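Dropping the structures in below, format is structure tokens.
Two complexes follow with subunit A in common, the first pairing it with subunit B and the second with subunit C.
On to the complex of A and B.
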């Protein structure tokens, strides 16, 4: 296990693509200390901003990293990791778990936007809130998250699961607007409330909203009430209004389930 | 008095190219054909103050007159020392200067962003997602029989836009306005909506909802609710029919839709609607770009770096992410530690939180006039004004490049020359420190 104890976080943010079990595996503490990280437009050794202790495993899968404190100015923790584990005991900046392929990341605080962007495998858990675009695609790409599991215990911002192509996202709190925008496949479960535009321009996949949807889109079709729905091999108990769409899109085949409780205003 | 003909107006994205300037003693004293806002740029609106010499702020916070050499030296030192410089603006200068600017940004590993990030940035984002079925003004004038203005008020923001493209007679539209159906979508009644045949008074922040319903209806689906975005289903159906029956339709859209709730997603679905409309009619779109060469910067930046704006050269490889690398993002997140402003006035237009950061960090302004930005600036480099005192290329809002003319002389350096000298000096400092 390697422990990174953050020193003071700078105003100009850090980008730490090298803080992954893959990069640490098989290295001595001194080698890890010397790994380059980006500070603005130049690189510095990791040890400029973190105290490094412990011992890395021989492989990524055997390597566990603990970031022992708040790192609100540190981007791209766990970028592209394939195995092993990272635990952050505090808040992180943008792109935690970007392009993650395997292993596990747990953020015990909040994560800023683009958490789990382009993720294809593994597990990303955020105990606090996250910003916009959780589980999204890279800008301009129409193929977003393709696998893995993201769980957010707090709230999420706009465009959660944008262009999602596979995998599963569970948001236990509320989301802002446009969850599941352009979604093609996969499962998005929102246990809290949504302001508007659930599943806008979705072509496929499933969205389940257990809370209240303030406004819903007129491009969907209404199919009545279903009980104890079956999605992705699991049964979600409760009664739901079923909609399909978004028929603004040609050949749309997405499904939105909205809890009957609290949502009678969106059923026509 | 001398008359200079075929001058291009350096004000809005309509880039009118039929202006006549009245020149007396090497000064523009009047114009013919320009609208009121264009005219006031040419003749320098009352109260405007020009910087005649470069300025540097001293320890007491007072601006002191200096030479170009001195000011450029100081500016180069600031840029070379910065860990995350931001270069913002670019929309009121010409493409050659912009090209030097992108080079400067690359060499200083800076973030370079233009005013699109606070106006049509969402449109640019959306067109990367879903494409861009665009045409030129000439086609609109000669062919368009259905003209939609969505979220814009051209009567005030682009005063000659309607007269040149809607009221004007065209090859296939011999009677001008009466050969065209004008649709305005705006929550408010405006001087443009008053001229419309159909005014869809969409609810505030509900453009996306309306577009979603229109698109579904166009594809032959029933609209789920009796009323969407405050508009009854029948009225939406009528508008959809008008669009479908166009011979040549054009959608002009402005900041009322790019900056209402959802931003680029409103444009994304609007573009997709235009694409779908081509199953029934010939339909195109043009964004109502504001600054006369805001489009030019997006063109230049794209051919230099692959990205249109919000470009981050920090790692030496261009990266792009509006929301992270936009001027307001890096100011508000306090990421940037030095800023160069050129050809725009963020001091007047940015939110308080961004201005607070601007006040904390060194600011270099390449700006001809005294503006709220120069009040915050530590170094001011006044340029000659493009389109009046120096020439250059600008892109009209639909992407047609037009050569801007020089009408009068100036002893100030052009934006291009200032940037070239800055770039040269920065390179010298960088090589010396290696």
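On to the complex of A and C.
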């Protein structure tokens, strides 16, 4: 296990693409200390901003990293990791778990925007809140998250699961607007409330909202009430209004389940 | 400064040099017959020497290219180059940043590149980008085919007025040629429609494409322009469009060449003909009609074409053919940018994935290859990918490898390429392979000549600009057909590239990224009285219709630090 104890977090954010089990595996503590991280337009050794202790495993899968404290100015933790584990005992900046392919990341605090962007495998867990674009695609791309699991215990911002193509996202708190926008496949479960535009321009995939959707879109077709729905091989208990759409998109085949409780205003 | 390039295998079609071992002498940026004993010796033993490449049709600078860059960050992300590799840092696979555009052309041995579509109103932006595109000489083609003034003059049969307007617009925009895109169709798109075929009148102006093409071809020769009309035919990309293409080709036939600069033979330059050579009635029954088109080109001498070869990549399409881009967006569902340029033109941008495993891209690849291989005379063909529309210009070396190696084509067809390539075209039955001389013809000589630049470009005779590309491929030892991968690599990163006698690339690395190329534009004046009348009329119309003032419209000279006017008729 390697422990990174954050020193002072700089005003200009750090980008730590090298803080992954893949990069640490098989290296000595001194080698890890010397790994370059981006600060502004240049690189500095990891040890400039973190005290490094412990021992890395021989492979990524055997390597566990603990970031022992708040790192609100540190981006891209776990970028592209394929195996192993990262635990952050505090808040993180943007792009945690970006392009993640495997392994596990747990953020015990809050994560800023773009958490799990372009993820294709592994598990990302955020105990606190997260910002916009959790589980989204790269900016501009129409091929988003394709696999893996993201769990947010708090609230999420706008455009969660944007262009999602596979995998699963569970948000236990509330979300702002446009969850599942442009979604093509996969499963998004929102246990809290949604302000508006659930599944805007979704072409496929499934969104389940257990809370209240303030405003719903006109491009969805209502199919009645279903009890104890089955999605992605699991049963979700409760009664739900079923909608398909968004028919603003040609050939759309997305599904939205909204809990009957609290949502009578969106059923026809 | 003097250089002598010794012992290379020289391919220079305009001077009928076919792989002879000979020395090339350079003095003060020009090719000369001999140099003094003090000349810097460049050893090209075992290497190929060609004039600098000339690209007659690409989209590299200006508003729509920049829209492509801005709205495709995912394209930038997948191709990033650090400054450490020579030159300036940049990004973008299909729409590279300006600096990377110039550098990558230079790395391939290209030294002259034409921007094929400039909305006149946005000329200033185009010239600004040229200023930041290093090394390559360049020019921009203003769009005329859907211009209100052009359509009105031609509708009234006032060819003299149209010619005066054209000469003013070329001067005002510092443009090089008369570019025609989907004549009448882009204007129709502003009304929500399109035109189909050359006899379908556009709304309001009530003029047919055939009249626009014919009128502008007459204007082109009246003005004595170096390049013929540059035509993107109607019905691009529609199954069954080859009939429109053939009909369009016939329109300017019989008009006499009257170029005041250069020595072209053609009165029509047809661009990205691959996209215009489809038979059938739908994407289900589409077939290649490339043999029919090639047959026409073989039998007619008034035409030169470029191909627009599909390279089987994910790319970004961009054209002034606004309605076509909407059709494409409807087909692939990917993001669509659309723009209307006031009285002049329009444009659209849509990403496109030419997947080798998909039927239509495979057929499009085959259609392009058939056009290359069935057109007998390489003097009528230019190598392009309509970059980035059918693929980025950085794939020219791969296109060269397909042309020179039947094995490269067979390996592709027997590999991942969808069987539609064989089933719906004749490509599998063609075993022709281009020679190095023919490659030099389609990438240097033909484009330079048809652009009217062959006095100084596209050859290595005395008096030419000393733009020279040297490639690490030994035709005595290596076989391009068998070793097509080495061929592609050699043409991707030239061994040495000289621009005006100055080394700009060494072993594939850009060594002179601050060098800037010339901007060619056409200066012509047919009849001063008519010209003044027309300009006065245009000024009046500006007040009524344009969003900018007449005085603010022309591009100031300061935008062209390397201004190189080419003369048309001056009276």
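By our rule, the second predicted complex is superposed on the first by the 268 of 268 C-alpha atoms of A that agree within 3 Å, B and C clash if a C-alpha of one lies under 4 Å from a C-alpha of the other, contacts with A are read in each partner's own complex, and residues count from 1 in each chain.
One rule holds for everything that comes next: contacts are C-beta pairs under 8 Å (C-beta built on N, C-alpha and C of every residue); 3 or more make two chains touch, one makes a residue touch a chain.
Because the structure is a prediction, the values reported are computed rather than measured.
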{"item": "Side-by-side fit of subunit B and subunit C on subunit A, or clash", "value": "clash"}
{"item": "Subunit B versus subunit C as contact partner of A:140, first or second or both or neither", "value": "both"}
{"item": "Touching partner for A:55 - first (subunit B), second (subunit C), both, neither", "value": "neither"}
{"item": "Of subunit C and subunit B, partner touching more subunit A residues", "value": "B"}
{"item": "First, second, both or neither for A:250, with subunit B first and subunit C second", "value": "both"}
{"item": "Contacts of A:234 with subunit B and subunit C, given as first, second, both or neither", "value": "neither"}
{"item": "Segment of subunit B that clashes with subunit C, given the candidates 111-119, 345-353, 363-371 or 399-407", "value": "399-407"}
{"item": "Common interface positions of subunit A, toward subunit B and toward subunit C", "value": "139-140, 142, 249-250"}
{"item": "Parts of subunit A lying in touch with subunit B, wherever the complex brings them together", "value": "11-13, 15, 38-42, 94, 113-114, 132-133, 139-140, 142, 159, 177-178, 181-182, 196-197, 200-201, 215-222, 245-250, 268"}
{"item": "Contact set on subunit B toward subunit A in their complex", "value": "82-85, 108-110, 125, 128-129, 208-209, 211-213, 215-216, 219, 221-225, 228, 261-262, 265, 268-269, 272-273, 276, 313-315, 320-324, 333-337"}
{"item": "Residue numbers on subunit C that touch subunit A, as the complex places them", "value": "71-75, 77, 330, 333-335"}
{"item": "Touching residues (chain side subunit A, partner subunit C) in the complex", "value": "137-142, 249-250"}
